[in-house]
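The next part holds the structures, each set out as C-alpha cells.
Each of the next two complexes has subunit A plus one other chain: subunit B in the first, subunit C in the second.
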Partner chain A sequence: MFKQVSQRKKRLGSSAFPYVMTVPALILFTIFVIAPFIYGFYTSFYQWDGLSDMKYIGIKNYIYALQDETFRLSLKNTFVYAVVVTIFKNGIGLGLALLIANQIRGKAFCRTALYMPVTFSYVVVGVLWTWIYNPTFGILNGMLEWLGLDGLIQGWLSDPNIAIFSVAWVDIWKWIGFHMVLYLSALQSVPKTLYEAARIDGANKFDEFIHITIPQINSIIVLNVLLAITGAFVNNYNLVNVMTGGGPFNSTETALTYSVKTAFSYRNLGKANAMSIILFAIVFIIGFLQFKMMTKDAD
Partner chain B sequence: MKKVMCLILAAVMMAAMLAGCAQNGGNDASDGGSSDGKRVLTIGGHIRMYPNEEEYWQKVADDFMAENEDVEVVIKWNGSFEDVVESLQAAKMNNETIDIYSCGARYIRNTLVQAGMCVDLTELIEPYADRWIDGALESATLGGKIWALPMGSTGTVTFYYNMAMFDELGLEIPQTFDELVEVCRVIKEEKGITPILQQGSLAGYWPMWFMETYAQSSGHQSVENVEAFLSGDYDFTGEAEIQAFEMIKQFFDEGLIDTDSLNTDADGMRAAFAQGKSAMFFGGTWEYTNVMDVIGDSFEVGVFEFPEMIEGVTPQHGSGCGQSIFVPTLCNPENYDLIMRFIEFFTRPENCGPIVLAASELLPSINGIETSGDEFITYINSHHANSLVTYLDWVWPNEINDVVASNIPAVGAGYTTAEDAVQEIQSTYDRLVEEGYVYAWWDEWTEEDWAKVEPAFIPDTYGQ
Partner chain C sequence: MNENSKKKVHYKKILAAVPKWIILGFFLVITIYPVFWMVFGSLKSTSEFYLNIWGLPKTFLFENYINAWSRGQLGMKYINSILTTGLFLLIVIPVNSCAAYALARVRFRGRKLIYSFLLVGMMIPGGVLGMPTYTVALKLGLVNSIPGIALVYAGQAVSFGVFLMRAFYIGLPASLEEAAIIDGCNRFQSFLKIVVPLTLPGIMIQVVFSGLNTWNEYFLASLMLRSDEVKTLPLGIMSFVGEYSTDFPQMFAALTAATLPMIIIYLIAQKQFIAGLTAGATKG
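Then we have the complex of A and B:
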C-alpha cells in the first residue's frame, strides 16, 4: 500500500517537474507579453493621452482607426512590404541553399558571408543602406553611373513609388542568410536514394525539385514562410523608422510605424492600441490560414 | 537530488525576477521627503544636450545649497529631448516627486499643459515677471495663464551659405526670390551642383519653409489664421494657404532644390555643404554649432533671411525660446516656498546665464545675460530678431504638423497639388475634431481640472 502511494507520488512528481521548470519562463511571458497585450486591449476602448485620466469611448477608437486614411494606407503598405519580403526572402534563400548544398568551392565562406547580416542590428543595417542609397554620396548610384547605367539611377528612398521596395530589399538582404541556413539543413536531410530512384525513372533536375525536394522540405517551407510573413508584419518598425521615418509622403508608413507615431507623437494611446489590435488580428488570421493551407496535405 | 537542485534554482530565479520587476520602494530624496533632516528639492528633465550644461546646472544647485543650508537639491536627468512625455508618464505612474522640470517648450505647450501636468504659475511668478525679456512669458501663456518659464535662447530659422563660394562667384546676398533664383543659376552653371540641399528626410524640418511662405502669403497673419483655423473659425483651404504651398513649389520648379533633398538627413546635408557639393541650406539657428564643427576652417559660413516672395511683404520667421522650466503637478505640495525660492535664485542672470548661453547666444530669455558679440549672433540679432513670430508647430497639433511636413515636398516635387495639400490639412483637422480634439481646451476645463493645477499655496516670501 505504502509502496503504491509512494510510486504514485513519484509519478506525479515526475510529470509535474517539466511544468514547474517552465514556470519562470511563463512568468516572464505573462509579465512582458500577455499582461501588456491585455492592458493594450483594455485601453483601446478609452480615450487616453497617457497622462490625464482615461475616458471610456467604447469601440470608437476602432472606428477612428479604420476611418483614418493614413492608417489604411499604412496597412496597404504593410501588405505590400510583407508580400515582397516573404517572396524574396524565401525565393532567394532557397535558391542560395540549393547552390550551396552542392559541393562548391568556398562553400563555408559563402555560408558565413551570407549569414553575417543576420547578426547586425536593424539600426546598423538601416543606417548603412541609407548611405548606400544616398543620392549625393551613395555607392549604389555611383556604381550605376560608373557602369554607364545612368538610366537606372533612382532616388531610392526619395521616390515614393519605389521607396517601400528599397526598404523591403534591406530587410530581405538582412534575413536571406537565416532562411538559407534553414533551407540548407532541410535539403541536407532529404535522402539521396530518392533522387537516385527518380533518375533511374528518367526524371530531370526540375522534376526532382518539384516532386522530391519540395514535398520533402515542405515543413521547413511552412516554417520559413510563416516566419517571413509574420516578421514582415510585426518587425519592420526599426528599419522603416531609421531609413525613412515613414516618408516620403507616407509611402513607407507601415501599420507599426503609424501606430507608434499615434501613441507617442500624437499622444492618442487608445487609438494606437486599437490599431495594434487590428494589426494583430490581421497577422493572426493570415498566419493561421497560411499554416492551414500549407499543411493541408500533411494532415 | 538533481531535481531538487533544479527546483531550488527555479525558485531562486523566480524570486530574483520578481524582485527585479518590483516597484522601486523609493528613497527619501526622490520621494520629496527629508534626507539628513534637510528639505529636498527635486529637479528633473531630459539629459542635457549642450557642452558643460550639466555642470552649470550642478553649480547652480551647489550654490543654492550653500545659500540655503537646510536644503538638498537632487537633480535627475532622464531620457532624450524627445522622450520627455514618456519620462513624465513613467514618473507619474511610479508616484515620483519632481518639483521643477526642464525640457523643450514645445512639449509643454502642445502636450503637458492640457494633460494637467503643469502647475499654473501666473500668480507665483508675478513678483519676478520683469526678469524675462518682453514677450518671453507670453510665449508660455495659454488661456491667459502662465504655465512655464522660458530659460534659454530664442531660436529662429535662416539660410546658411558658403561665403567662399559666393565670393569666388561674385555673388551678393539675395533679398528677394528673383535674386535667389539668379544666385542659384550662377552656382549651377559654374559649379554644376544643387544650390540648396536640405535635410529633407527629416520631415519635421519642412514646416519651417511653410511658416516662412505662409507668413508672407497671409500678410503676416499666419499665427492668427492658424489659431482661428484650430478653433474652427477659419477654413484652411483659402488662397493664402494655397499660395504658401505654391511658393515652396517655385523653389523646386526653378531648380533651386531637388528631390535629392528628400533622401538626405542632417549628416548628409552638412557633409555635402562642407564639401562644396551644395552651396546653401535652410536650417535652424540651433544648428550653427554643429555645422561649424563639420566645416571647421574650410570656409566661412554666412547667413541670410528667407527671401521676399511677394513684393513689399517683408519676411517673418518662425521663432521660440527652446528650453523652459515648469512646476509639474507631481511636485511635493509642501515645497512651493522652496520651489519658488530656487526659481528666484535660478533666474538671477549670473546664475542661469551659463545654462542659457550653453545652447546659443541668440536673444536670451532672461534680462541681463551678456552675450559674446559673435558675428553670427550679431547678424541674426540685428536682421532676424525684428520679425519673429511663434513657430506654427508650437500652435498646431502634431498630426497637422505631420500632414504639412509630408505635403510640402509632395507639392514641390509634383506628387500632389497645393489645392489637394490644403484640403488634406483641412480634412485632418476635421477628423481630429471628430476624435475629440479641442484647441481652446482651457474653455472646456471643469473646476475640478483647474483645481488640479492650482498651486497648493502661494508663499509669502521667496526667501531672498
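Then we have the complex of A and C:
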C-alpha cells in the first residue's frame, strides 16, 4: 500500500502538473513586470517621443536627466519627502502604540478609528486635505484663527517653502494607524517578565523603553522603516498630482511626477524612462533590504 | 493604608493619565473630524458652506448628492471600479494560488528557479516602473480598457501573492493530500477540494490586501484609462474636482458618495481589514 502511494506520487511529480500550475503566473509576471523593466531600460538609450521612430543616443538621456535642474530638484524633494514621512509615520505610530498598549478600555476604539484612513484612496485623502488647507474656508486656518494663533496661518499649499511638508503630512496622516497596529502587535509579544525583572532592579519607564522595548521590537522597527521609505518613494505621485501638480515653482515636484510630465507634456519618453531607471536604482537597495527582512525566517 | 491615601493614589493615577488622553484625543480628532466635516459639508447650501464652516448643516440638502451623482456619472464610475477590481481578483487569485501550491507542495525540476524568478518582483517597488509599464501596455493594445488594466494589475500582484500563499500551503500536513489521492483524486482535484478550503484565510488576506490596493489605485489608472467610459472611481473624483471646482458642497457630496460605502464596509469587517492589510504588507 505504502509503496503504491509513493510510486504514484513519483509519477505525478514528474508529470506536467506543476508546470501547468505555474505557467499562468509566469506569463503574467513576465509581461507586466519583467518586460516593462527591460523595455524601460532599453528605451532609456533612445530619443523617442512615443510616436515616431526611435533614435539611439547612448547614455545621453541619463546625462540630460542629471543636468536637468528640475529633475535634480525633484530628486531632492523626493528625498526630503521620504525622510520626513518615514520619521513621522514611525515616531507617531510607535508613540501611539506605546500609549495604548496597556490600555484596556478604549483600545479597540482607538485602533479602529486611527486605522480608518488606511482604507481611503490617495485621491480622496488628497482632495479632502486640499480643502482643509484651503485659505478661504479650510478648517486648518480657521482653527488657528479661533485659537488666536493668527501668526501660524499659512498658505499651506501655496508657500513654496512649506508646500512639500503639507503634502507629506497627508501621507503621514493616512498611514499612522497602519504603523501603530504593527508596533502594537510587536509590543504585545515582548515577554512581561522582562519588565518585571527590570522593575525589581529599579529601572524607570525610560530605562525599560531603551533597554528592553527597543531591542525586543528591533526587527519590527526596521521593517516599519523600510515599508515607510519604499512607500514614500512611490506614493508621493498620487498626493502631489492631486494636491499641487508639482507647484508652486516646482517646490513639490518629485521624481515620479516629473518623469510623467517629461513623458506626456514634453513628449520625451526616452528621458522619462531614464529618470525612472535612476529612481529605480535608488529605491532598489531599500526594496532589496525589505525583501531580505521579509524572507529572513520564511525558509 | 487607610481609605484616604488609597483615594489619593487613585487620583494620582487619573491625573497621570490626563496627558496621555489629551494626546490620544488629539490624534483621534484629527483622524475622525475631517471625515465628519466632509459629510457635513456635502449637505450644506453654497452660502451656508462659507458661513458655517465647522458645524452640522442647518438644512440637509440631499439634492447635492443627486446632482453630484448624475454630473459626475458616479454610477458608471462605481461599475467600472467594481468591474476592474472583480476581474483583477478573478484572474489573480486562481493564478497565484495554483502557482504557490505547485511551488510549495510539488517537487519538480526548476522549482527553485521559478520561485526565485517570481520573487524578483518583490524587489521592484511597484509604481517606479509606471512609465515603462504604460509603454508596454500601449504596445499590447491594453490602454483604455478595463480588462487591460485588470491584467496589468494582476501581473504586478503575482510576486507578492505567490510569496504569501506559499507560506500558507507549506504549513499543511502532507497526509491530507495523500489521503485524497488514495481516494482516487488526482493532484488537481485534491488541491481544489482539500487544500483550497483549508487555506481560505490566506486567500482572504490576499483578497483584502490586493483588492483594496486595486480599488484605490490611481497612478497607473491615470496613465492607462483615458476616456470617460472606462474611468474608475478615483479618476472620476479627480475629473469631477477639476470640472466643478466652484461648487464646493457638490464636490463634498461626490467625495462622500465615493468614500462612505468603503467606510461602512470597513466598520463592518474591520477585523478582516486590519488583519489582511497588515499581514499583507508584512507577510502571511
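In this section, the second predicted complex is superposed on the first by the 257 of 299 C-alpha atoms of A that agree within 3 Å, B and C clash if a C-alpha of one lies under 4 Å from a C-alpha of the other, contacts with A are read in each partner's own complex, and residues count from 1 in each chain.
Going forward, contacts are C-beta pairs under 8 Å (C-beta built on N, C-alpha and C of every residue); 3 or more make two chains touch, one makes a residue touch a chain.
Given the structure is predicted, the values throughout are model-derived calculations rather than measurements.
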Contacts of A:Leu51 with subunit B and subunit C, given as first, second, both or neither: first
Touching partner for A:Phe137 - first (subunit B), second (subunit C), both, neither: both
Residues of subunit A touched, compared between subunit B and subunit C (which is higher): C
Subunit B versus subunit C as contact partner of A:Pro248, first or second or both or neither: first
Contacts of A:Asn218 with subunit B and subunit C, given as first, second, both or neither: neither
Which superposed partner A:Thr230 touches (first subunit B, second subunit C, both, neither): second
Which superposed partner A:Ser158 touches (first subunit B, second subunit C, both, neither): first
Touching partner for A:Pro24 - first (subunit B), second (subunit C), both, neither: both
Touching both subunit C and subunit B, counted on subunit A across the two superposed complexes: 13, 17, 21, 24, 28, 31, 50, 131, 136-137
Subunit B partner contacts - residues on subunit A that touch it in the complex: 13, 17, 20-21, 23-24, 27-28, 31, 47, 49-52, 64, 67-68, 130-131, 133-137, 155-160, 244-250, 261, 264-268, 271
Complex interface listing, subunit C residues touching subunit A: 20, 23-24, 27-28, 30-32, 34-35, 37-38, 41, 49-50, 53-54, 91, 95-96, 98-99, 101-103, 106-108, 111, 114, 117-133, 135-138, 140, 151-152, 154-156, 158-159, 162-163, 167, 178, 181-182, 186-188, 212, 215-219, 222-223, 233-235, 237-238, 241, 248, 251-252, 255, 258-259, 262-263, 266-267, 270, 273-274, 277-278, 281-283
Subunit B residues touching subunit A - in the complex, by the definition given at the top: 3, 6-7, 10, 13-14, 17-18, 21, 85-86, 88-89, 92, 111-112, 114-117, 197, 200-203, 259-265, 268, 271-272, 277, 397-399, 402, 406-407, 409-410, 415-416, 431, 434-436
Contacting residues of subunit A [partner subunit C, same complex]: 5, 8-9, 12-15, 17-19, 21-22, 24-26, 28-29, 31-37, 39-41, 43, 50, 92, 95-96, 99-100, 106, 110-124, 127-129, 131-132, 136-137, 139, 142, 173, 176-178, 181-182, 185, 223, 227, 230, 233-235, 237-238, 241-242, 256, 259-260, 263, 269, 272-273, 276, 279-280, 283-284, 286-288, 291, 294-295, 298
